[in-house]
Every structure is written in structure tokens, then in C-alpha cells.
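Handing you a structure now.
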Amino acid sequence: MIELKNVHKRFGRKKVLDGISFTANKSEITCLVGVNGVGKTTILNAIMNLTPINKGDITIDGKKMHANLYNKVAFIPDVAIMLPSMTVHEAMDFMKDYYSTWNSKRAKEIVRFFRLNISDTISELSKGNQAKVNLLMGLALDVDYILMDEPFSGIDIFTREQITDVFSSRLVEDRGVLITTHEIMDIEHLIDKVVLLDNGKIYKEFNAEEMRETEGKSVVDVMREVYNG
Amino acid sequence: MTVSFNKRDPIYLQVMHYFKRLIVSGELLPGEEMPSRRQLANELKINPNTVQRAYSEMEEQRLIHTEPNRPSRITEDPVVLEQLKNEWLKQAMTTFISAIQPLDISLNELVPLLEEKMKTRKKDDK
Amino acid sequence: MKKSLSPLLKLTNFELSRLSKFLFTLMGLTVLANLVGYIYIPMKFMDKINKFTIESSATTEEVLNSLGTLSFYDVTMSLWIVAPIAIGVSGLLFYSIFIWYREWFGKNTFAYRLLMLPVSRMTLFFSKFIVIFIGIFTLISTQIVSLFIGYPIVSAIVDSTYFSSLGLIESMYMHPLFLILFPLEPNYFLILIVGATVLLVMFTLILMERSFASKGILFGIGYAMVALAIVLFPLFLSDIFNNNYLIYGSELVIIEVVLMIIVSISSLFTSRYLINNKITV
């Protein structure tokens, strides 16, 4: 379980996270939804210890983030993060060199799934294919948790479909997934838990299926109430 | 396999409904294998935990049964199947009755109309 | 097998391969410019000798009196040798900053990947540190090898009558730059310590900026000034107390070494704290 307790974060005088608490469980897909703002990305960065927080606690299965845990938690940001001069193949070799949890067999499977050409140089790939390379680097690790930042932003509809497929596929298996998005429509049926965020605060945290069962509301219905009300 | 789910009803109920339909229509035969949970989630593009929930409910209702480490199968129990068909019919009639509620129509008037409709449906099937 | 290689070795090797293009360029530039100097300067000198001899039909002795001899030292003091050294030093200085900033401001943000590697983050720090020193030593070796190639070239071009008897090694000892850069004297280790301390302070400054942005630059400048003050302080002791016999030279060296080691270690601890807790992608 990834747990955030009363997390505060300021950029200069601007409060970005103002007492955030929520959990993302294993074997569940948790979706951090926010209409705008930097908060969502900051939360993922903070979980990965890529940016300091001013107050609060973040733990992963009860432990603070440390070097070895990067073998157990993968983060897929929405910017390209491998060297542009690398080929896909070289990028995979790089990962294999450092991560004990790199799964070469699965990596090959993902390359096939996304129809990537491993001899392509990363800088020459389209935006969609760069996003796929990013996903490849995260999904091929045998991790317990996968964090994805805006996996659907700025990519074509076919790539989007492929990425959506990932969530219900063996590639995700029983891992805990935490994704951020502002476009929930496409994945409403895929997620377990929704955390609604705005202005650095959590407005509501609920299970999507329970919400449909007990209140007969879709995720978008709830969002409409929260953000318009 | 494509199913369009509505966004406001629990997905697991919609999945169950989908399978019940396949069973009463005979598209899924008694004893036939069910797709694996992962496979179904992937094909329907829904959350695997939701599929798991639907399967558990169907197991509880004895529509399917699962032996350890084997794929789930459709029940072969005639009582359960009969019950399912009755339930389905009851459900359909409830819907039908409530739909014609506003009309002032007697059973005698209704029966020939129903017969007519059934005939044309059979023709369409051929 | 690859897995058993220590992460530091792997990362250093990786950093080295990223440096290689730049380093080869600097090496090539050094060798090329040097070669031009080794050939052009003695040829120009011989030209002058020949012209003088013909124009004033002077004897060898008269020529020597008015034009003198050419030594290898003269050649090494020319821009053809000094300029590439200056370029090399400033190039590596630039690279010491670039080696960090390119991870954030490159076309892709590789900092994400590096900071998420399942290795201690100080490994990143040390790999970058080591690679700068590999660069420094490579350029120094290149320069030394180049001099060994250059000496016979110069002596072949210059008529032995006009070639100073000053040898290769003697020329090195006379050269103000080589005296600092080459391991000629036993106190070369002092220069290494100075270099390492400067680089560590610089890395700390960069990490401060990466952690606290513009505020970090102020911290960094403050830190660098304090470090500089600590190291320079003993050098002015005799002036302050107006007593030239307060500390002996050898004692001063020991004090300086200790102070630089203190500054280095505090820079390492500060850097470790920043890279582990404060850095932002």
C-alpha cells in the first residue's frame, strides 16, 4: 500500500499540496483526478522522492522511499526520460544493467504489444512512440506498484487505445497502479478507486463500482457534483 | 466480444447480465468453459477486480462452478438453469407490464397481438 | 556477470562514454594545434635565420648573436601549446557544470531515470566526479605524450647549431603550466587535493541550486565563500600577526591539507543530504 499522510508542499508561496492523505492499494487501479494544476504530478514525484515535501509522511508498504525500492515501484512520467541518443534497444540494456527486477521476457512482449522497433533511436520517435517507450521502461520491471503520470495526454487515439488495453492486460497483473489524469471518460470502467483533487486538497475518495452500486452515479457524475457544486 | 456498458450501473451486474443472456439463449452451453478472468477483463476492457466480483457472484448463484486451478464452467444443474430461465422471463414480463401500464388494454386484446409479434420474430430469425 | 559489476563502475563507464566525444575533440585539438606549433615555429625560425644569413651574409656566430637559439621551451611557450591547454582547462570546467545540468535541460529529462536508479544517489555523484578526473588525466597524458613526439620534430627541423641544448624534461620544469599540471614534483598531490576540493565545492553548489533554485545560488555562493575563506585564512596568518615566523612552510602545508580535507568532507556530506532529500527533478 502506498500511503500519504497529511502531505504539504509549497512552491515559493504557492501551496501546491495542502494536507493530502490517501492510499493506493496493491492489485487495484487508483486514479488521481484533478481538473488542472500541478498537484497530481507533484504527488507522484513526491512518492518517488524526486521532490521534497514540506510536511507529512509518504510510505510504501510501511517504508520510506529508498534506493532499493526503485526496484519495486516504477514511475512512468509524462515526459521522455531516457537519453534521446539511445536506441530503444540500448535503453532496455541500460535498464537491465541496473534493475534487478527488469524482466527481459516481458520487455520483449511489450515491444511486440506496442509494435516498437528496438533499433529506432528515441529522439526520432513520434510522441506516441516515445510515450510507449516510457511505458515499456516501467512495465517491464517486476514491481509491486506502477505510477503513471497522465498516460493519455497528447497522444493519438490509437495509442490511447493501446495504453488503455494495458490496464486490463497481463502487463499490469496484480500490481498496484496509481495514475493521474484529467480525462476519466476512457477509463471509467478500468479503475477501482478515484481520488478527486483540486487546489491541493482532496475532495473525495471513493470506489467507482461501489459508487455505481450504492448511489447509481458514474465517476463523471460525481466529478460534476464536486467540481461544479 | 463487445459489450457496451452503461456508466451508472455496477459493471459487475452488467457482466452477470451479459452471461445470463448467453446462458438462457443457449449460446453458452451447460458445462462449457468460461473465459479466464484476466482474459475477460482484457476483452471487455474493464477492471479485473470487477470481473472477479462478477464471477464470485455467479458462483454464489451457482450459475458457474470452479474447481481449484481449472477454468470455471457453466453449471450443468438443470434446476439452476430452469430457475435462471424463469427468472429471466419474470424479469422480462415485469418490464413489459410496466411498459404497457399506461395503456388501457385487456388480456384478450393482448394475446393475439403477442402471437402476431412472436410469429414475425420467428420469421425474422429464419 | 554484468550484474555483479559494481554500480559505481557501471555508472562511471556510462558517464565516460557520454564524455568521450567531447574528450576526443579536446584531445584532437591539443594534438593538432601542438603539431602545428612543433612544425610552424621552428620553420619560421629557420626561415628568419636563412633570410638573415643571406641578406647580411653574416657568419653563424653573428647570426647567433643577433637571433639567438631556439629552444624546445620557446616552442612550448607559444600559443600553439598554451592555447589548447587553456581550452582544455576551461572545457573541463564547463563540463563539470554541464555534467549535471544536461540531466535536467537536455532534450529529455534523464534526471528522472538517474534519480530513480536502484543505487545510492551518491554513486551518481561519484561517477560524475571520477569522470571529470579521468578527463583531466587524459588531457594531461595527451599533453605529455605530445611533448615527447614534439621534441624530435622540433630538433629535426632546427639546425643543430641554432637549437638550444635545453632538453625536453628541463623545458617541462621551466614551464609555468607544466609545473602545475604534470606530476613532476612530489608536492603534485597538493595540486590534486586543490583540484578535488574545488570540484567538490562546485558540485555542492550545483546541487544547492538544483535543490533550492535561485535561493540555492545564494546559499551556494555563501558556501563557496566560506570554504574559500577557511582555506585561505592560514596564508594570511603571518600578515595578520605581522610575524613571518609564526608557522613554518611545512606546517602551513599540513594545515592547508587538513583544511581542504575538512572542506571536501563537509561538501560531500552536504551533497549527500541534498541529493537524497532535497533535489527536485
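As written, the chain order gives the labels A, B and C, with residue 1 at the start of each chain.
Note that a contact is a pair of C-beta atoms (placed from the backbone, for glycine too) under 8 Å apart; a residue touches a chain by one contact, two chains touch by 3 or more.
Just so we're on the same page, UniProt names per chain: A = ABC-2 type transport system ATP-binding protein; B = Transcriptional regulator, GntR family; C = ABC-2 family transporter protein.
Bear in mind the structure is a predicted one, so any value in this text is a computation, not a measurement.
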Contact graph of the chains (line, ring, star, complete, other): line
Maximum centroid distance from subunit C, chain identifier (CA atoms): B
A-C against A-B, pair bridged by the larger set of C-beta contacts: A-C
Chain centre separation in whole Å, for subunit C relative to subunit B (CA means): 79
Chain centre separation in whole Å, for subunit C relative to subunit A (CA means): 45
Subunit A-subunit B separation of Cα centroids, rounded to whole Å: 36
Where subunit A touches two or more other chains, by residue: none
In the complex, subunit A residues that touch subunit C: 45, 48-52, 67-71, 75, 77, 79-84, 94, 96-100, 122-123, 137
Complex interface listing, subunit C residues touching subunit A: 2-3, 7, 10, 14, 106-110, 112-113, 115-121, 211, 276-281
Residues of subunit B that touch subunit A when the two form their complex: 5, 7-13, 38, 41-42, 44-50, 53
Parts of subunit A lying in touch with subunit B, wherever the complex brings them together: 27-29, 164-165, 167-170, 188-192, 209, 212-213, 216-221
